[in-house]
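Shared chain: chain A. Partners: chain B in the first complex, chain C in the second.
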Partner chain A sequence: MNAQMLSLNQLKQIALHREAFIYYIFFFVLFFFAIVLHDTAFLTLSNFMNIVKQTAPLTIMAVGLTFALAVGHIDLSIGSVVALSALVGALLLQHTGIPLAVLGALLVGVTVGLINGLLIERLQVSSLLITLGTMGIITGIARQITNLESVPIINQDFTFFFGSGKVLGLPILLLWTLIIGGCAYIILKKLAAGRHLLAVGGNPVAARAMGIKVTRIRLYALIASSTAAALAGLLYAGRLHGARYTLGEADLLTVIAAVAIGGTSLFGGRACIVGAILGTWLMGIINNGLILSGFSTNEQMIARGVILVIAVAIGVKEIRNG
Partner chain B sequence: MVRSALDQVALELNSIKKSFGGVHALQDVTFTINKGEVVGLLGDNGAGKSTLVKCISGVYAPDSGEIRVNGKAVYISSPEDARAAGIETVFQDLAMIPEFNIVQNLFLNREIKHKNPILRWLGWLDTKAMTKRARKSLNRLNTRIPCYNEQIHNLSGGQRQAIAIARAVNWGADIVIMDEPTAALGVEQSAQVNDLIKVISSQGVAVLLISHNMQHVVETCDRAVVLYQGRSVADVAVADVTKEDLVGLITGAKKIAA
Partner chain C sequence: MTLSRNLHSCNNYNFISKSITFAFTLLVTSFAAPLLAIDFNSIKNADKSENIKLSQQQIDSLKSKKLTAALVWHGSSAWVSAVNQGAQETFSRFGIEVVAVTDAQFDPAKQVADLENVSILNPDIILSLSVDSTSTKNSYRDAISNGAKLVLLSNPIEGFIHHQDYVGIVTDDMFGMGKAAAQLTMDALKQSGKLGIIYHDAKYFITNNRDHAFRQALKSASNIDIVIEKGFVRESETSNIAAAMILQNPEIEAIYVSWDSAAEGVIEALRSLDRPDIKVITHDLGVNNLLDMATNRNLYGTVADRPYDIGATMAKLGAAAILGQRAAQVTIVPFDKVTKTNITSAWQQAFKKPLPKLLTQALQQ
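Moving on, here comes the complex of A and B:
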């Protein structure tokens, strides 16, 4: 085999690589809407910045969920954590400063992750069932603590840092996305911690045999997932100048679809942060495109469901083949 | 086979016992392995081979008995203890991560970290150094691998076995335990693994080999220890016995005065 053929083969392999799928679909959808919506504001920088700002909490949730999926867990409680964390942050802001409010909100995430993880490991029940249960509990608490009232936020610094601010001309929500995404990327791709995370998801028996602390790593992954959701709650609260128990309610499906279509395996062992970010942006673009095309909220929901099914179908098919 | 220079005892097992409730899986297992020696561990289904391996590699703690490594008594209660004592196990399922490539599997949980102290503290991986070391250690075992970025599940069974063995040796093990390494392999790949076993034993590593395949035992082992209902009932030089003798010992039809 000569050198040229080899490189051609390699190119083919890269092109067929599962993680490349998101790039194709991303640019295909972009292209599609750009043509269909050519006489609207779709293809403008400000529209894209809006999409990025709107999807920032979702992107952070997707990045967090990638950690849970990497070890082979699913975390259904992230949507409810968004609401509770936002409410706790907003309530604390009425009495204290930003640091304590942020700390309190993030602690909601850490605590939920810890409880999820401990329950899963102690009871040896699937993460699907446990996090479904905690989702219900947390949603209930979020509704209870404010009697379904929303909590406004008037602290300007908070709404700057977690919402409308700009730094070096870039929206602060874009920076949050890039910083959290960048850290997650480095952890998963470059650090031993990420390697162990994926090993636990890929083959937990083997990981344990090689001396990796499987239980502890699964616990960390669930804490990462719900802490990211807690941060997403703060970003919602910052952008919307307040918190409400409905925040994050409808995000779970979108986030799972985005992560799955981004190349992360729903069964552990393979994770792709860039894909997760592009995936949420893709969901944002689709939403935006559907709105600009005049589709209703219900129809958008259907579209998201269809996309999730397609993404999962691709993932499952690939597992059968390989 | 005579290995006069290497007749120091690497692993010594004294009256190892292990029960599961009422099942006495190991009643009295006693034998030794010298450095550079390949010892076959034989026995019928349920004789206690896998249980013994798990006791040595730290999966189970034995109920009683003594394990000595290089003359020193060691207490093994976890896989880390076994590893610290210089014992590596090549598990039957090879303990590989299918999504990982060769280098990633070779260095699983023994990653080489970056030289920069800050990055090192973060656990930053030095992929280049690991690839280099991987190439070296696989070359040392005469294993040629097409591409080090290849994912494990794209490799043949023999190549995977080679990588599992390389991983054990790579980590400086003095004692390598292999649970049926050729059970799933074809003729040619079995031969490759046999060669590999010879290479590592010639480097002074003591090998404990579990096998149901008498041909394989006769070809690769220096000695054979036979377990029968949880007891070590025979310890013979392979050169002194026939395959039929071994089968007789395994089934209990033949007995040797210990």
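Moving on, here comes the complex of A and C:
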């Protein structure tokens, strides 16, 4: 019995350390590039601000996806929501002001999340299949509404608030990351809603027995995921001074990888917001560092994979030793 | 041309679909802002790549400056690799260090990030093809604000002023290529016969212009009768289109297809219909179709550009700009009419590489 308790405690410790995993990887990669690129501008504040700006939409998507994963759902539609919300926002900006454009864009996210959630819960079908389907529908709509044309944004207030602006010397995209990340952290760590999310993802039967409204919680999580993607679309639109139907297309796998490396379980019950943010920054640092290294594009792809595998291996070793 | 290269040089569906959507967008952009597009007149008035030369004295001067360059590409393909190789080797001859090479994977957001990352290195020269003029414009502007000389491949950037914002644009002679394809068709048909056309039915500047120039040039061949024209959007459609075309019009003696990998489907259909007598004419170089040509089957001829020379010309223009030379707005790179007799030399001209072994063996048989 004691032996069993001991092993359970050990397992618990490892599980607790699982959240520390991203820190090992993050600092290993940072240290690696700091040495390799000591003679370039890698270790400059402006370069790190660049990385933060480049990864801000991904970070917001990762934070949103963490909610969906926490309840045991995967949301493959987030990339397409990015494109559609950016296009809706950019199109509305041509006729209305910023508030309505932002509202319209965010409504895209809320609506898609609601539809995803209702279909998954009512039909009791895998979230993977439903969101794969909605991804196709949304991509088609995004292509249709603009006839594949880019929609430019000339509203400077919008590009300031969602892209190139600075507040107190800090890029506004960093502030968006911190605000959304901070809110998500509080929800998950400090509020009952966060505990309910994890309970639903960890053991839905037990959660239901405890009186938690499992279906509603899952619905909220999917809405959070889609709405975050919609906000990411606005950030892309602000940063690029325009929207295009391909926005977010290539981000899905990067976001899933970042969230998983960050310590969130892909099967529900465990979520780490700080890890998700560090995970996306890690991806940005690797991308930036490899470009500054002067590798060819093929070499960059190989090196990216090698660094990730080595970093993950070292992270696992450190945790086990710890 | 760049796009069609990308379209057929990769089997990955995602890549192809990205390429197709990229094609659509480029065309939409070119139509939405007609002043931006390279038209027949700009090609007619363009400088020729063979005129871009640097003296030994200029090269020595470049070497003493310890310059750097960054290559900010739109995607990856065999064609882009050849452009990249041409640029890298030329820069190397001038003592210019290539400090970064990026691939935007047809994603404007990635290209913006690439430009930001590259700008940290303060390169003196940037060679690039913009994925989307609207989204990437500001990042190009930031990148050149530090004094970098920007040389563009094929696509202009909205609002950019020649000499002030960029050195010049290097591109293919798409009108000449269409005309050359028409000449190959006339040769294949010995000046008279029945022709089918399978054209790119999407609004893409380069393929549309090549197809249009092909039709225009054929007007002078009064004995060539165009019996049917069918459009395609995806390369995968061409096999069915060709099969239907031949069933409806068995008298067809030659088929023109917009580019090489789209022609693969046509040749496949002709094989399954057992029609080795029908000749195919297209653009670009692909190993599969060249094997068909080498073994005297359906492919009669193709018109190929020179991606290595495109990269080399871009590098030369960037280097010359550092020395204060002013380039023409558009510089065109020559193309080659390719038939069985000159496969080897055309391949080497395009890629500056030896012919693949399989092709060499096929030609020797």
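Everything that follows uses one rule, which is that the second predicted complex is superposed on the first by the 278 of 322 C-alpha atoms of A that agree within 3 Å, B and C clash if a C-alpha of one lies under 4 Å from a C-alpha of the other, contacts with A are read in each partner's own complex, and residues count from 1 in each chain.
Everything below uses one rule, namely that a contact is a pair of C-beta atoms (placed from the backbone, for glycine too) under 8 Å apart; a residue touches a chain by one contact, two chains touch by 3 or more.
Computed from a predicted structure; not experimentally measured.
Peer 1: Quick one: on chain A, after the overlay, do chain B and chain C clash, or do they fit? Just give me the call.
Peer 2: They fit side by side.
Peer 1: State whether A:121 touches chain B only (first), chain C only (second), both chains, or neither.
Peer 2: Neither partner.
Peer 1: Return first, second, both or neither, reflecting whether A:150 touches chain B, chain C, both chains, or no partner chain.
Peer 2: second
Peer 1: Which partner, chain B or chain C, is in contact with more residues of chain A?
Peer 2: Comparing chain B with chain C, the partner touching more chain A residues is C.
Peer 1: Give me, in Å and rounded to a whole number, the least C-alpha distance separating chain B from chain C in the superposition.
Peer 2: Scanning every C-alpha pair, the shortest chain B to chain C distance is 37 Å.
Peer 1: Identify the overlap between the chain B-contacting and the chain C-contacting residues of chain A.
Peer 2: The answer is that chain A has no such residue.
Peer 1: Under the definition above, what is the set of chain A residues touching chain B in their complex?
Peer 2: 190-193, 195-196, 198-199, 202-203, 205-212, 265, 269-270, 322
Peer 1: In their shared complex, at which residues does chain C touch chain A?
Peer 2: Interface residues on the chain C side: 18, 21, 24-25, 28-29, 32, 73, 76, 84, 98-103, 105-110, 112-114, 116-118, 120-121, 132-138.
Peer 1: Can you name the residues of chain A that touch chain C in the complex?
Peer 2: 40-42, 44, 46-47, 50, 53-54, 57, 143, 147-150, 152, 164, 236, 239-242, 244-247, 249-250, 287-288, 291-292, 294-298, 300
Peer 1: Using the touch definition from the top, list the residues of chain B that touch chain A in their complex.
Peer 2: That would be residues 79-80, 83, 89, 91, 93-100, 104, 108-109, 111, 113, 122-125, 153 of chain B.
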